[in-house]
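First the structure, which I've put down as structure tokens, then a few questions once you've had a look.
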């Protein structure tokens, strides 16, 4: 495909030869003629002068940067996004439709949209509604009354329990469980026989969400547990009952969000972080890896450590921790000098 | 149902109108006439004066508290427990029995009790014994020689491996794995080819236990891994080989209990906490979120932090950490004043 | 079996009676006549004098140690390894071959080796290649074009996605997911609609690897995520896209290894530890439980804490933390004495 066509696809401007043929994508340091590459990180800028790529996607401010004669530029506001969109374009394949496998189980009371694939050993319960072009992979489970939006995929052995809802263009990866009972009990510490609070609510997953392998998202006791539009959830994450996540969040692997906690829009929660129950996390906040958040977080705050502090305070505290040997030495020195003075005063 | 009937069910005393009709349960601040509510947390007591609920479950000491004219009281020793039991009562539905699906696999050598449901794609191995009124959901697995007690449910894709035992009235949620091999090897660091220790034991889960989605409980190398009666385990928890948990424990999501560790009765282990191997945790202890326990814990102790300290010590240590900037300033001040004195002594 | 035969099996030397009959293995403190036991930990050496075992596997340097008359010794360089190999030998059972269940789904374009078992509800996709003597348990999944090496087992509901490769003599436990998409997106923070980076790579698991229950190992964006020969992975572990693990590593339960991180040979990663992305961990390093590693780790280093420090430094820092109350008291004392001196100077 000529560079001109890529420029049209990504709505960018060509500097150089719009007719150069592009046949592959490659990292800038490995690229050969015929490849298009991209620079999104400042530290790769100087590689532009030496690349063998036929074209490089760069930010407009690199328009006049030195580059090899055989290398054209494609100016884009967000070159990394350009890379992602181009890769999506090149790897897109027509979806095969084979329909409902004889070895699947679709309840007579379920409703399937057009061009749905139900693989062997997938289960669709009574009253479930499955949208157009949905793929239900082997061993996946759609409970009674659950709804799966158009163009969504359930991976092998993924589970969506009864009455829960997954939006359009979502991907629920293998082994993820949506809508299991929340962890709610009235404790009887005398007998040890705690009484279960029936979990009467459900889970709602909005459109364009990804839910990683072996994730667990519990249904609410009453009302909803909710995952907002475009939010991406990595593997092995836990989301407790009645928690809510806003739009466009990232939740990295093995993080845990406790019940009834409310996370705003555009929040990043790094790996193995935990957020206690009944907490509010403001829009645009970011929670560091392994952080433990126990109270509300203001919008845009960066939280680090367990228990978590705001970034600047957390870093100050870490610097001081590193200075403890220094403090100990200073204390010894002061003590010695003070004793000398006291002795001298005799 | 008239309030009188609820009072009989929960063995409580009515103060007010025993004939008022109750049709729903609601939080005290949202309740409308016809609803019953409850107060278990002190901070909601003052809402009693303004509620619109027809009845409120409260502790006996609130008998004479001011309340609206149209609101009756139901005195209960544990109002939250009353709420749980009433909710259970109201949401109970007759269990449907459809028997063994044609698409399930039940080995000829397995034994099924009365009124068992085996859903499509569920598997019951040779020699397995499944009690009365058990539900085996799609994709669930009962290994050879395993035993499932009466009234227990295995969720979709839940796995109980060979020779393991699950008690009565248990719920094993979707994707949980009981009885996978323990992590035991004789290391050969020279070749890197570690030799597996065959894991010959099993897992025993006593009655009234809940095991959350995607939990993993390993079988013992020899003997048993055991989960005590009434213990509740949240999602994504790990329990290592030969570990034991007593009766009535709570283990919150993503916590990990290492092999051969013994946890007493009524212990709470909060989210993402970890307990090292070969440790004893006493009855009634509580382990904080993200805590890391490396040694024995005495009964009733509250442990916090990683490595974990007893609560009071952990809090003292945290307070001192916060005072580090203060220490640094004091050190500077002392140094300056001491230098002045030393200079003055010249 | 006479002790002589065990000695031949394990290539050890008998001290005592080579004809004594051995019928079981037992811990040294519980052993009865007829049992063989072992000592690998120094603290059990003195139990040798009082054991009732008919034979004990010990290191050669214990050859002349005092022992009961009825107890023979079997000298082995690594007695624990001897125990493991003997237990393996004794518990080995002939593998039953029943072939492909009528209730399994094997695509017409898949290739199965000799003596393969495909249990009910297992799925083998088009172009998949399954080696000799492989067991595919109920609900397990082998994606299109995936390869499973000889003598490997996939547990119930284990998933190996398309084009991924698992070596020979591996065990993938129940619910583990190999080859789910890596967590890669081009963020669009303005709209919150992040764009997915297609994950075009795969996962390669070399020979003799164990992968625990409900583990998640993501496929690479480009190239491979790789797990080296003989590495053992415990339950609920996360391994991100394009990460690599060398030969003979141990990764304990709930640990997480981020994308593009490279772990050397013979590395131990303890429970709930986390390693950030783009990090190199040297051969033979060990990462402590709940540690958080953010930078490169040199070969053989022992890392502790979050953020992780090398062992010696981490321990020093912990000792100093414990001394904070002492520091506070010393500061007070110095202040008082200095004030006295200053007052005295008036």
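Should a chain be cited, it is by its letter among A, B and C, assigned in written order, with residues numbered from 1 in that chain.
Heads up, the rule we're going with is that a residue touches a chain if its C-beta (ideal position, glycine included) is under 8 Å from a C-beta of that chain, and two chains touch if they have at least 3 such contacts.
Just so it is clear, the model here is predicted, and its values are computed rather than measured.
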{"item": "Chain C reached from chain A - shortest hop count over touching chains", "value": "1"}
{"item": "Interface sides of chain A and chain B: same vs different residues, half threshold", "value": "different"}
{"item": "Whole-Å gap between the CA centroids of chain A and chain B", "value": "27"}
{"item": "Of all residues in chain C, the ones touching two or more other chains", "value": "103, 121, 139, 157, 175, 214, 236, 254, 272, 290, 306, 321, 327, 331, 334, 338, 341"}
{"item": "Chain A residues within the chain C interface of the complex", "value": "78, 80-81, 83-85, 87-88, 91, 101, 103, 119-121, 137-139, 155-157, 171, 173-175, 208, 210, 212-214, 229-230, 232, 234-236, 247-248, 250, 252-254, 265-266, 271-272, 289-290, 306, 318, 321-322, 324-325, 327-328, 331, 334-335, 338, 341-342, 345"}
{"item": "Interfacial residue positions of chain A with respect to chain B in the complex", "value": "103, 105, 121, 123, 139, 141, 157, 159, 161, 175, 177, 180-181, 183, 185-189, 191-198, 200, 214, 216, 218, 236, 238, 240, 254, 256, 258, 272, 274, 276, 290, 292, 294, 306-307, 316-317, 320-321, 323, 327, 330-331, 334, 337-338, 341, 344"}
